[in-house]
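First chain written, first letter: the chains are A, B and C, and each begins at residue 1.
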Amino acid sequence: MLDAYRDSKFSRAFIWAVASLVLLFLILPTLIVVPLSFSASDLLEFPPKQWSLRWYEAFFGSAAWMAALKTSLSLGVSTAVIAVPTAFLAAIAINRLGRPFAGGVYGFLLTPSVTPGILLAIGLFIVLAKLKLIGSFVGVLIGHVTLAIPVAVVVLQPAVDRFDWQQTQAARSLGAGWMRVIGGIVAPQLTISLVAAALMAFLTSLDEAVISIFIASGANTTLPKLMFISLRDQIDPTIAAISTLWTVLVAGVVLILNARAQDA
Amino acid sequence: MTVDPGFSRDRRRERLFFLGLAAPAIVIVGLSAAVPVLWILRQSLLTISGEATFGNYQKILSSDLTWSSLGVTLALSSSTLAICLVLGLPLALALASASRRVANFALILIMLPLWTSILVRTYGWLVLLRRGGLVNATLSALGFIDQPLPLVYNFTGALIGMTHYMLPLFVLPVYAAMRDIDGNVVRAAASLGAGFWRCVATVILPLSAGGIASGSTIVFVYTLGFFITPAVLGGGKVNPIAIRIERTLSTFQDWSGASALGMLLLLLVLIAGCAFVAIRRLAGERVRHA
Amino acid sequence: MSAASLPITITGLRKSYGHYVALDDVGLDISAGEFLTLLGPSGSGKTTLLMALAGFVRPEMGMLAIGGRDVTRLPPNKRDIGVVFQNYALFPHMSVLANVEYPLKLRGMPKAEARGLAETALARVKLFGYGARDIAALSGGQRQRVALARAIVFEPRVMLMDEPLSALDKNLREHMQFEIRKLHDDLGVTTIYVTHDQREALTMSDRIAVMDAGRIQQIGTPREIYRRPMNRFVAEFMGEANITPASRLEGQAAASLPPTRLAMIRAENFELDPAGPARERVEISGRLSSKAFRGENWLLNVETLAGDHFMLSIAANRAAGCADLETGAQLRAYAAFDHVHLLEEGSS
C-alpha cells in the first residue's frame, strides 16, 4: 500500500521501528518466563546464573499443584465435550433458520463473551451458592461451558456457513433423517473446524481465572486460581515452570491448527 | 398449481427441529449467563433479610470507595485506550503496508499473547517490571536511570499489563480496515503531492476510521470490567470496580452491596458501548463532508 | 491554464520482477504538448512504463527526464504530474469538491482561491455544481470526470492516464475519448495515455507507441502505424492484417514484389470488382469459406489454394451481390498496389 512512499525512508523506518518495538513488547512477557523456569535460584535473576529443573520438580512434586492441574484438565476436557456439540448444533440451526432468527440467536450466544467476567462470576456465585454448588466441579463446569460456547460458535459458524448444504438435500432425498445427515455427512466434513473449536474451548476453560476464583475452591481449585493466589502472595518461580509448560502447549496447539489449516 | 398442504406442514416441522437443535445452547447461555445477571439485579434490590430496598444503591453511591474505584476504572480504561492508539496505529500501518506473507507471520506473533494464559502474562510482567527485573536492569545499564523505577504494584504496572492484553485486540480491526484501503487511492494522494505524513493524516487514517472505532470500543469497554491484571500488577493499590466488587463480596460478605456495584458496572458498560457507537456514527458523517 | 507543458525523454529503461522482464531497454522522446498513447496487450509493459514515469515503479537501469530535469530518483509526490488511475482512485471519504481541492491544499493555496480553481476544473469536465456530492453517489462516467478534474486542477505539465475508460460502457467510452482529447487540446499539456484498445489509440493520439514484451515495437502517427506496420505483431494488433508471403499474391503488379518479403493488405482495401489498370492491382483467388453481414459492411472469408485465409471487408454500399454469394463459390478479389504494404521482417 505504501509503495508510493518507498523513498520516504526516514518516515518508514520510524514506523517500522515503532512496530518492531511494539511487537517486542507483545512477546517479551511470554518469552522471558521460559529461561527463568530453568533457573536454579529462586531470586528471579535474569539471565539465570545456574540452570536447574527444580521448579518443574516443585510443580510436579506438589500435591496441591497436581490436584489443581488434574482439576483444570478434567474441566477443560469436559468443557470441550459439552460446549462443542452444543455450539455445533446451534451453528447449524442459525445457518438453516436464516434471517430474523439467526442474528438474534448468534448475538445472544455471544453475550457471555461480551459481558464483563466479574459480573458472570458474582452472578454465578450467588446462584450457585443458593444451589449449594459452590466449590463443586459441576459449578465451575457450568461457568466454563458458558464461556466456551460463544468461542466455539465463532469458530464453527463460518465453517457451517461455507458448507455445501445441497449435499444434505441429496441425502434427505435418499431417505436420511436430519440427525443422521448432521452426524454422518456434515460433521465428518467439518472435522478440522470441530477440532479447532474443541481446542479453543479446552483452552478457554484451562485459562479461565475470574469465575474460578469465586466458585472453585477446596478440592476443585483450578490451576489458574492457584496461580492467582500464589501471585498475589509472592512471586513463586514454580509459576515460571507452569507458564513455560503452558506456552509450549499453546504453541503446539497453534502449530497443529496452522498445519491442518494448510492441509485443508 | 396448488401448494401441497403437507409441504408447509413439513417446513414447519423442519423449522421446529432446527429450533430444537439450538435449544441446548440457548438454554445453557440463558441459564448460566442471563439468569445470573438478572439475579444480580434482584440481589441488588434486597436487604440481608430479603426485603426490597434501594438501600444498597444508596449505600454504595454514597461511599467514597465506590467513586474512587469508578475514577480508577475510567482512568485505567482511557489510559489503556490512549496507549493502544499510540502503539497500535503504527503497528497496524506497518503490517498493512508489508507483504501478505510478512504480515501473516507478524499477526501470528501478535496473536500469540491472546492464546497465552492471562496468569502467565501477568507473571511475565511481574518478572520484567520488578525493581530488579529486566526493564530496570536494562535502563540502568544503559545509564538512563540511577535508581530502579517503580513500574509494578501500582497504576503503571496495571496499565502496562492491560495495554499488553488489549493491544492485539485493538490492532486486528485497525489492520483489517487499513488492508482494505485501495492502494491506488494512496498512490493518487502521492501523485497529487502529498508527503508521507500528510497522506497518513488526510487519507489513510480517515479511511481506517471504522476499524479504529471498533478497536477503540473493544479496548475501552472490555477494560472496564478488568479484574486479574489490576489485582496482580496493581499491588492492592489499584482498585477498579471489579476489585471493589470482589472485596465487597469476599471480605465483607455483602452480596447485596456487591450486586449493586455489579449493576453499576453493567450500566457503565452499556453507557460506554452506546457512547462509542454514537461517536462512530457522528465521526463517519463529519469525515464525509470535510 | 497557460503553463507551458514539458517534453519527456526516456532512455534505456529496464525493469524486471525476478525472471520476468517488464521493461526491456525502453527509450522514447515525447514532445511538449504531445498526446502519446502506449498501446499493447496486457503484459506488454505499457502500464509499467507509465508507473515508472509516475514514480511508483523504480527502474533498475535507465533515465527519465521531464523538461530536461532528471526525475528518475524523484519520489512520486515531488514530480508534479497529474495521474488518472484505471479505477479512478477518488477519496471516498471526501466530497467531490474536497477531492478536487486536495492537491491545491497540499500546495498551500488559500481556501477561497483553491475553491475557485476547483470549481473551474469541475466546470471544465462538465460537472459544474457537483461539488457537494458524495463520491459513492456518482456514476462511473462522473467519477472518471472527477478524477480528471482532480488531476488537472493544479496545472501539471504532464498528464498520465492508465486505461481510464476501460470500465465504461461503449457509448460513454467513445464520448469520453473525444472529451479527453479536447481537454488535452484546450490545456496543451503533454499527455501519456495507456490503452489496449487500438481503436481508442487511433482516435485520440498524436503518436502511438505499440508495445509488446517490454519493448516498443513501433512508434509513429496513427496513420503510419496503421498503414505501415513494421512487423507482424503491430500489423495484427491494429486490425485485420491479411499477411502472406508476397509470392502468393497474383496479378501483374504482384510480380514486381520481392517474393521473400511478407505482404500485408488491410481487409477494407479489397474490392470484388476489378477497377483501374491491371498493372496497378494485385489479386487473390480462392473459395468463399464464410460470409457475415455487419450492417455497415460485409465480412468475407476467402481460402486460397495455397492455404491462406484472407478476410475481406466490403463496404455495404458497394457490396451488391454479396448477399447472393454462396459458401464454396470461387471468388477473385482485387487490391490496389498502393495498398500492399511490405513488412520489415523476413518471410514466414
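Just a few scattered comments:
As a convention for this text, a residue touches a chain if its C-beta (ideal position, glycine included) is under 8 Å from a C-beta of that chain, and two chains touch if they have at least 3 such contacts.
The structure presented is a predicted model; accordingly, all values stated were derived computationally and were not measured.
Chain-to-chain contact here is organised exhaustively, every possible pair of chains being in touch.
Using the mean of the Cα atoms as each chain's centre, the chain most removed from chain C is A.
Central chain (C-alpha centroid nearest the global protein C-alpha centroid): B.
We define each chain's centre as the mean of its Cα atoms; on that basis chain B and chain C are separated by 56 Å.
For the pair chain A and chain B, the distance between mean C-alpha positions equals 17 Å.
Distance between chain A and chain C, defined via averaged C-alpha coordinates, is recorded as 59 Å. Within chain B, the positions touching two or more other chains are listed as 187, 189-191, 195, 199.
Residues of chain C found to touch two or more other chains are 55-56, 75-77.
Across the assembly, chain A contributes residues 3-5, 8 that each touch 2 or more other chains. Touching chain A in their complex are the following residues of chain C: 55-56, 58, 73, 75-77. Contact residues on chain B toward chain A in their complex (touch as defined above): 14-15, 17-19, 21-22, 24-26, 28-30, 32-37, 39-40, 43, 87-88, 90-91, 93-97, 106, 108-110, 112-113, 115-128, 130, 132-134, 137, 164, 167-168, 178-179, 181, 183, 186-187, 189-191, 195-197, 199, 222, 224-225, 227-228, 231-232, 241-242, 245-246, 249, 255, 258-259, 262, 265-266, 269.
Across the interface of their complex, chain C is touched by residues 3-8 of chain A. For chain A in complex with chain B, the residues that touch the partner chain are 1-5, 8, 11-12, 15-16, 18-19, 22-23, 25-33, 36, 43-46, 86-87, 89-90, 92-94, 96-97, 101, 105, 108-109, 111-112, 115-120, 122-127, 142-143, 145-146, 149-150, 153, 178, 203, 206-207, 209-210, 213-214, 224, 227-228, 231-232, 235, 239-240, 242-243, 246-247, 250-251, 253-254, 258.
Only residues 182, 184-185, 187-195, 198-199, 202-203, 206-207, 209, 287-290 of chain B touch chain C when the two sit together in their complex.
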